[in-house]
Structure formats: C-alpha cells, structure tokens
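Have a look at the structure below, then the notes.
By written order: A, B, C and D. Residues from 1 in each chain.
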Amino acid sequence: METILTLAGIFALTLVFVVGLRAAGWSDFAGPSTAPQQRPVLGGGDPQTHAWQRFHARYYTMTLLFVAFEMEMMFMYPWAVIYVAEGGKALAEMGMFLAILSVGILYGWREGIFKWE
Amino acid sequence: MTLTAILIVAAALFGIGLFGALSQKSFVMLMMGLELMLNGTLLATVGFWAYSLGGLPKGQLLAILIMAVMAVELAIGFALVVAVYRKRQADVIESIKTLKN
Amino acid sequence: MTKDILFYALSALAIWSGWRVFRVDSMIRATFALMVSFIAVGGIALLMSADYIGVATVFMMAVEMMVMGLFMVMFMMNPAGLNPMQMVHQYRFSIGAGIAAFVGLTVAILTTPLPDNPLPPGGDTLRDLGFELLGNSMLIFETAGVTLLATMVGAVVLSSASGRFGSAGQGSVPPGLTAGGPPAGRTAEDGKGHGGHAGHGMSMQKKPAMQAHDDHGKGH
Amino acid sequence: MTLLTVLGMLVFLCTSVWLAVALDTACRGWISGQGADRADGPLRTAALWLTQQRLTTEAPDRMNALLSIAGYMALALTGLALVPLGPDTALIALPTSVVLWGACEALVVVVVFLHGWSPNAPLAMIGAYRYVAIGLPIMLLSMFVLIAAALPAQSLDLRDIVTSQADVWNLIRQPLGLPLFLLLGLSLTLRGPFDYADSADLAGGTSVEASGPDRLGWQIARLAMLTEFSAMAATVFLGGYLGPVLPGPLWIALKTLLVMTLVIGLSHLAARMPVSRMMSLIWMILLPLSFADLIWAGLVAL
C-alpha cells in the first residue's frame, strides 16, 4: 500500500514538474507557433504525408521472439530466491529451461531474423 | 476491498474485453479485446488466491501461466496476422472467409 | 480505509482505461490505454499483497504492449486516427454480449457466498512460489519452457520474411538433382497443391512460377 | 525523517544532474580538443531553453508529449526511491524491488517511444522505432545480471542484495555483471553507442521537435535517469551504502558519481554500430555472455 502511495506521489510530482516548467517558461506568452514553424524537421524538405503512417518495422519477428523469450523471466525470479536453498537441482533445472529456450533463439538467428531486412 | 468487489471489477474488465473482441473488425484490435479478457481473468485469479486460498503457491503459478498464455497468444497471433497479410493484404476479419489456401 | 480508496481508484482506472481502448481513435493511445489498465490491475494485486505477481504484471505487460503498439502501426490503415473511422461490426450484438457477460458474472458473484480472509501482508509468497516451481510443479515449469520454444519457432516460421532459402514472398526452390538441373521434389499442379502459406518452411515444393500471385506481399 | 530523506535525495539529484552536464561537456571538449566549457554553461543552456518559444508541429499528440516527459522522469525517480540508503532505509521498501526496477526499464522503452511518437515528425518517429529494436532485447542483459546478483542474496530485495555484499562486492564476485549492466545504462539514458533514439544522425531523433521548456524537461529527465541508473549500479555491484568511516548515504552518493563518470566516459569513447548489427550483437554475443554471468554467479553462490 505504501508502495502504491509513493509511486502515485512520484508521478504527481513529475507532472507538476513538467507543467511547472511550461508555466515557468515565458514561451506560452509568445502565442501559438505559426504554420511555417510547425513544419517538421526534414532537412529543408516538406513532408508529403503525416509521419503517423503505416510503418514496416523490419525487425518485427525479433519482437515476437522477444515476447516469448522474455516470459522466462517470470519463472526465473522465484527461482533466484530459492536457488541457494535448492542447490545443484535448481541449477540443473534452470539450465535445462534456458537451454530449451536458447534453441529458439538459435533457430531465429539461423532464419536471419536479427537482420534489418 | 472484498473478494466480491474484486470479482465485480474483474467481471467488468471481462465484459469490456468481450465487447471489444466481438465488435472490432481489425485483427490487432481483436487481440486487444482478448488481452483485456485475460486481464480480468488474471485479476480474478489473484483475488481468489489472496482471499480464499490463503496464498497457496499454485494460485500464483496459475497467474503466471495466464501471463504466459497472453505472451503466447500475442506472439502466435501476430505471426498469423503477418502470414495472412503477406498472403492476401488483409488485416480485417471479414477478408478471411476461410483459412484454406 | 486508505486501502479501500486506493482499490476503488485503481479499479476505476482499470475499467475506464479498458473502456478507452475501444473508444479512442489513435491506435497508439488505445494500446497504451490497455497498458494502463494492466498497470492498474497490477496495483490492485499489490494491494492484495501479491508482491510478485503485481509487479510482474506491469513488467510483462509494458513489453507486450510495446510490441502490440508496433504491430498496430504496421497493420492499421490509420494508426493515429487522424480521420476517425469506425472499424466495428455486429456492434449492437457485441455490446449486448459484453453487458450480458458482466451482468451474468456479477449476479453469480453476488449470489455466491465468498470467503473473506485476506492474505496478511509480509508473507514470503515469492519463496513459496519458487519451491513450488522446483518441487511439485516442476513438470509445469519445464512444459512451459517447451511451450515457449514452440511459440518462438512458430512465430519465426509464420512471420519471418526471409528464411534460409531466400525471401518468403518468392517461395523457395530445392536444389536440382543434377548440377544446374530442374528443382528436385514434387511440383505443384495448377490451382491445386498450393497449400503452404507464406512461411518458407512449408513452401519447399513450390515452383517459382506458382508464386506470381504471392508476390504482392510486403516484401518488395 | 522520510521528508528529510526525500529532500536530501532531491538535492543530490539536482547536484548530480548539474555535474553530469559539466562532465559531459568537459569530455566532449577534451575529445574534440576544443577545451572545456564555462562552468555556468549548463545553467545558461537551461535558461535559454526555458525562455525559448515552445514550438509544436502540426497536429501533435499533446497528451503523450506531456506524459512521456513526466513518465521518463517518474521512472527515474521510482528507481531512485528503490535504492537503499541504509540497512532499512529505502523509500520504497518492497520485497520484489528488483522486479519493480525491471518494470521501470520496460516502461522506459514505452515512454521513449511515446516521446518519438507525439510530435508527428518523420525523424522523431524513426528514432522511436529504432529505439524499440535495441531497447527491448538489451533489457534481457539487465534482467540476467540482476538475477545473478540476487542469487547470493537469496532475495529480490535490493536491501538484501546490498547486505549480501558485506564481505565482497558483486563487482569482484561476478566480474561480467557490471560491464553488461553499463551497456544497459547507455541504452536507458540514450547515450553514446546505444543512443538510437536521440542521436545526432537523426538531428536529435525523438527530441528533434522538442523545444523550449519541453526540451529542458526531457534533458533533465535523461540526466535524472543517468543518476538513477548509476545509483542502481552502485547498489547492485559496488556494495551500495556499505563502506568504512563515512555514513552510508555519503558512500552511495560517491559511488553513484563514480559510476556516472564511467558511463559518461564510455558514452564518448565507445563506437557506434548500425542498428541491425547491434541487434545481432545483443542476441548472439551479449546474451550468451549474460548467461555465462548467471552460471558463474550460480557456481560461486553454491
């Protein structure tokens, strides 16, 4: 409960910080920015479309692999706590678990998913 | 804060998720509905674990498995979306009459 | 008392942001509204002294929603919702189904006598979970490993654009039996036997010519 | 007491933010051979940004622009609140604080992406997409080395991790840990070779359109994150508040500044790589190294 209160306090503080910065700057008295000022930086060129377009993030297969691999963390955290108590058995089991998952990474690498195509 | 209240919140999340999963045309939005339903399930699981199982470790394990289900659903779901999209440029459910060919 | 207030605030946040997911125009906002919903549920779990599950939910869901956001941008015509449009079908039925599910579950919850002995804070639930993982539930744990491996391989097979044998959009051709000869293996008949999907693994037997209508994929 | 701790931490945060800028400019001056900046340089820049007009692009996502800066700052402060200042003194006393810090790392990717998303500008968007490609997998390194540090402590509580280093620091016990963790720090604070979000080759990347107070806020948040990361590294690998003669909080402050100097130096000296090659490097070389760190730590802990 204290944790959540602290976290809420921190977030409130940072919101105050950001809003306070804007209030403290004189910028908002300068009026709204004009249309030429609103052009995005593009090395002098004018954008033909919004930047919020469909975008082909070429590394998408890697993210899927990552999501599946990252799930192993959920099992590793409780494992870390009792590792010393369980000893070699814990080492063997987690070694097996990680070895199984590493096969997936190796397969992905073999298929070239870490390349930016 | 009682188990009843927690379960009602979980039911609300589940209901919204069901509405989303049924109503959205886009694959990706459909998956968000599914995730929201699983979110409600997760809350209910943790609620039962804390209020009626007395902190039984298996309850926690179930919660972790629900998260694993979410991860698997996300990874395989998106991989299927990519495969279907590459095949026929479709990202809405109506375009898929059949998964054959 | 504070706990109750926090619980109701977090619940309201979870439900409201869950609702926003399907109401906002911007897909990125929708994704991260879902993430806020997950974070609120994690907070509720923390209130129930599920120290591990609560925090872990935030951890996992932040990553998953980031990936989901990427796919939103990749697949949505209009990821930022600059010109709003409704992408819904069977709208009334869905609303009905959602409300029916909620009401049904609520009635079931309210009519069932539920236990009310909250877990006292300060228990070492994480250690219990660890012993469970290495003890009775070891098989579940290792099965989860195999399942995750299957997921990884499946995701790569289905979605990877370039395989060992070249681009998935092109299909792949096995080497010939003689040097420079025609590709070995079964050749597909017209209109039939074209069963594989875009994963390269399944498309070993395709002739290149068969791929003509596959080629408008995103690969080019 | 708690209020005093909070105030002390905020004062330390401000000092170290200022020191970080000074070190950064000194480093840049030394490497480029142009000599050092004036001591009040950082303050002048801050004042300039504060008074500049705040420009926005056409149709930006205003809510996310605000939330990304506040969120980045909040994640830095959350991490700082997790750092133990004494045997029982940590603002957030949670038995799973390592997991909470992991959640903060994951959320950093989200807020940096949102910061690149919000201005609706091409270069900022590219920075955001690139950052996701690197920011996600590099988190794995940090998770593994933190779990390795948790093994001898038999706990995911940072306070226990510090106490477990009473005899020998994790830096010596797990020599691979700190180098791998520092790489994550470069990525979290968007620095040097891991700066795929805000780098100069994108004219500023996600913050290319940020101007005026918003730019100031984002830069302060980045430096706060640098401080926070250094404090975390000092806690996990350099024994945190442990040390002779001086009081605990002073030790953690000193070690934090030491790690910060290291990170800043590294960010100026290490070489950049193309995103794709970096991605392969993380998965195929750094990840196995972190496995090795885990096994090493496991064998030592037994």
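Everything below uses one rule, namely that contacts are C-beta pairs under 8 Å (C-beta built on N, C-alpha and C of every residue); 3 or more make two chains touch, one makes a residue touch a chain.
Per UniProt, the chains are A = NADH-quinone oxidoreductase subunit; B = NADH-quinone oxidoreductase subunit K; C = NADH-quinone oxidoreductase subunit J; D = NADH dehydrogenase subunit H.
Source: prediction; values computed, not measured.
A.B. asks: Report which interface contains more C-beta contacts, comparing B-C against A-B.
C.D. replies: B-C
A.B. asks: What's the distance between the Cα centroids of chain B and chain D (NADH dehydrogenase subunit H), rounded to whole Å?
C.D. replies: The computed centroid separation for chain B versus chain D (NADH dehydrogenase subunit H) comes out at 33 Å.
A.B. asks: Report the inter-chain centroid distance for chain B and chain C in whole angstrom, where each centroid is the mean of the CA atoms.
C.D. replies: Chain centres of chain B and chain C, defined by C-alpha means, are spaced 8 Å apart.
A.B. asks: Go ahead and note the Å separation of the Cα centroids belonging to chain A and chain B.
C.D. replies: 21
A.B. asks: Hey, how far is the Cα centre of chain C from the one of chain D (NADH dehydrogenase subunit H), in Å?
C.D. replies: 29
A.B. asks: Could you list the positions in chain A whose residues touch two or more of the other chains?
C.D. replies: Chain A, residues with two or more chain partners: 3, 50, 52, 55, 57, 60-61, 63-71, 73-75, 77, 80-82, 105, 108, 115.
A.B. asks: Out of chain B, which residues touch more than one other chain, so two or more?
C.D. replies: 64, 67-68, 71-72, 74-75, 78-79, 82, in rising order.
A.B. asks: Which residue numbers or ranges of chain D (NADH dehydrogenase subunit H) touch two or more of the other chains?
C.D. replies: Within chain D (NADH dehydrogenase subunit H), the residues that touch at least two other chains are 59, 94, 96, 99-100, 102, 117, 120, 129, 132, 136, 139, 156.
A.B. asks: Name the touching chain pairs, would you?
C.D. replies: Every pair of chains in contact is listed here: A-B, A-C, A-D, B-C, C-D.
A.B. asks: For the complex, give me every residue of chain C touching chain B.
C.D. replies: Residue positions touching the partner: 3-4, 7, 11, 14-15, 18-19, 21-22, 27, 30-31, 34, 37-38, 41, 44-45, 47-50, 52-54, 56-57, 60-61, 64, 67-68, 71-72, 75-76, 87-91, 93-95, 97-99, 101-102, 105-106, 109-110, 114-119, 123, 125, 128-129, 131-133, 137, 140, 144, 147-148, 151-152, 154-159, 161, 168-169, 194-195, 197-199, 214, 216-219.
A.B. asks: Applying the document's contact rule, which stretches of chain D (NADH dehydrogenase subunit H) touch chain A when the two form their complex?
C.D. replies: It is residues 50-59, 66, 69-71, 73-74, 77-78, 81, 91-94, 96, 98-100, 102, 117, 119-125, 129, 132-133, 136-137, 139-140, 143, 147, 150-152, 154-156, 203-204, 208-209, 212-214, 216-217, 274-276, 279-280, 283-284, 287, 291, 295, 298-299, 301-302 of chain D (NADH dehydrogenase subunit H) that touch chain A.
A.B. asks: Name, in rising order, each residue of chain D (NADH dehydrogenase subunit H) that touches chain C in their complex.
C.D. replies: Per the stated touch rule, the residues are 59, 61, 63-64, 94-96, 99-100, 102-103, 106-107, 109-110, 113-114, 117, 120, 129, 132, 136, 139, 156.
A.B. asks: Would you pull the chain A residues touching chain C in the complex into a rising list?
C.D. replies: My answer: residues 1, 3-5, 50, 52-57, 60-61, 63-75, 77-82, 86, 89-90, 93, 96-97, 100-101, 103-105, 107-108, 110-113, 115, 117.
A.B. asks: Would you pull the chain A residues touching chain B in the complex into a rising list?
C.D. replies: For chain A paired with chain B, touching residues are 60-61, 64-65, 67-68, 70-71, 74-75.
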